[in-house]
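In the two complexes that follow, chain A is the common piece, with chain B as its partner first and chain C second.
Here is the complex of A and B:
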């Protein structure tokens, strides 16, 4: 178990390793990632990881299931549906940008060859708004969470399916950057994401159980009791960086988009189940 | 003239109070907390050491279990200086550690670490 972790982690932490010398492919990374958690939590079904810490915390799960009877994210889904159906000032709607919508969550994040960057769903939404003369939405708090909630809800059951196209080496580069970010220690407290969510997943920090990294991206946007509202994945990233006393990066900036690309790939195959509700 | 006098009275009164406080504080330090008590306060404080996040420590509640319980410290660290080094920069002994470098990253000051060492070594 530790061997697998070392193999993936050391590879990522060695900043001097040139891309050509990478010994692991994303497919190998994914297999190692899953195996690590399979060994760490024997008996937990793969799909259960979409429920985050409640896959491994039976007491927390009870209160969570009680909360889910009156899901706190429902009003956001309703507001999001209204946003989706309301035309822009120019008469067009979101459906014109996303003909397959609203169940489009599994299409993101994805590598966009023309723009040469990782495109996430919130970014695509704002690109759609901009193209139709509408003001962009803020990426952490506010109404973007409504439309994201609606899209996530409609997309439930779709499988996480991040593709790293082989015909553009920049895509793999972005994935590797995200991977490196994940395994790099940062902040005054000197933690990497992996320190808590891989190395110590399932252990208790004070009274809270650390959630496993597998399945982390399936249930966003998320209603957090702590926030008293729904928030985005990048809001969670900035909060985490602040908590380890590191200067956070910009929501929907390159670092967090590449991180989302890597992290979502690590949940490939798991069903989407957003919006979620968490502590 | 009366106004000036009252101003002087007011100022000298303030000075007297301040002087009195300066006199009182060292007294309080002498009769109040010991380095071990101060070390415990630092260790338990969430903004300072927050050691309970990961370690079980006697008299602490709701501790985490990420790290070994802090017991039998004198037999584990016969040399107090080794304990200090571990708290200062735990990565020196274990590069894979989950423990923050409290000294190296200036999470705690030198004098704060001294007090924490006194407390932890007493466990």
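Here is the complex of A and C:
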């Protein structure tokens, strides 16, 4: 009897170790991610997650809906439209770089085989500017948020659709790096992104409720009341890293682009609804 | 004692006294040089530890600031503050490095069901 018990225990240990070591596919990651939130917040419809914490905070939602009647990001959308339509010094416009624009937000982030890296929308905008002899814009604050707001607004309703091409293993590698970043504890507070936005989503951190990770990327750029302005996703990444007392990485550097690639993939299928307004 | 001997004795005494006063005056200066060197070494060690942590993406937010503040404190002659800051920076760098190494393998949380 004892022998059988030990053999069964050994078998169970061996299979659990094998499970932990087994690589999962992005599709499996997405399914597990969604199922986690379905179980955690059973009453919340999938598309509601695009509203961030307001999908699970009815009191906060009331204030947010009142704010959305006169959205604070509107002036940024208007300025962004002007930027889009204003020719560069060489006479070309953003339309020459993005013929399908301005409703192009769902095309990013994407894997660029030629450049061998994840290309995000802000990066693509600056590549367009450089190619046309214009100075690149800063990635966290300032006018980049205007044009991103305009593009996000025009792209509303499009579905998040990040593709990890199978014909280039480097794309999956970038996704895996972003995934690793997401689940890695860092900083003096020893938190990973998942600690707050998966494990403790819906719990309070001081007076705020932690937002669920599902749908996190759909509403960027975002007007934050705390910032008093619109800011980018990478600005938010920077702030979050600082809040756990880790040294942040460079906006639009490899770490944050890969993180964006993974995180946006986790929202695949959800409609875009940027720019958003948040606390 | 002849006048010449008295003068010689006076000269020797004066020279001896001058030597003594010089060596005593030097001592506080030498002590502060030693302390400066010691604290500077602590700052250097903290900077090396910071770079080691940064190499594995384990640098914590405030370490760079502590090192800068330590250098400023040392420049002002505030050895105690400089030492405290350097020690803090060093400790946090070591912890950050260990954290990054411990997190090298991707560990998926058990609450995600596959």
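The working rule: the second predicted complex is superposed on the first by the 257 of 279 C-alpha atoms of A that agree within 3 Å, B and C clash if a C-alpha of one lies under 4 Å from a C-alpha of the other, contacts with A are read in each partner's own complex, and residues count from 1 in each chain.
FYI, contacts are C-beta pairs under 8 Å (C-beta built on N, C-alpha and C of every residue); 3 or more make two chains touch, one makes a residue touch a chain.
Quick caveat: nothing in here was measured; it's all calculated off a predicted structure.
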Simultaneous placement of chain C and chain B on chain A, clash or fit: fit
First, second, both or neither for A:251, with chain B first and chain C second: neither
Touched partner set for A:180, first chain B, second chain C, both or neither: second
Touched partner set for A:263, first chain B, second chain C, both or neither: neither
Touched partner set for A:207, first chain B, second chain C, both or neither: first
Which superposed partner A:188 touches (first chain B, second chain C, both, neither): both
Which of chain B and chain C A:24 touches, first, second, both or neither: second
Chain A: partner with more touched residues, chain B or chain C: C
Touched partner set for A:199, first chain B, second chain C, both or neither: both
Superposed arrangement (fit on chain A Cα atoms) - minimum chain B/chain C Cα distance in Å: 6
Footprint overlap on chain A, comparing chain B with chain C: 188, 190, 199
Residues of chain B defined as touching chain A within the complex: 52-54, 62-66, 91, 96, 98, 100-101, 105-107
Complex contact set, residues of chain C against chain A: 54, 57-64, 92, 95-96, 99-100, 103, 106-109, 111-114
Chain A residues within the chain B interface of the complex: 188-191, 195-196, 199-200, 203-207, 210
Interface residues, chain A side, partner chain C - complex: 19-20, 24, 28, 31-33, 35-36, 176, 179-180, 183-188, 190, 194, 198-199, 241-242, 245-249, 255
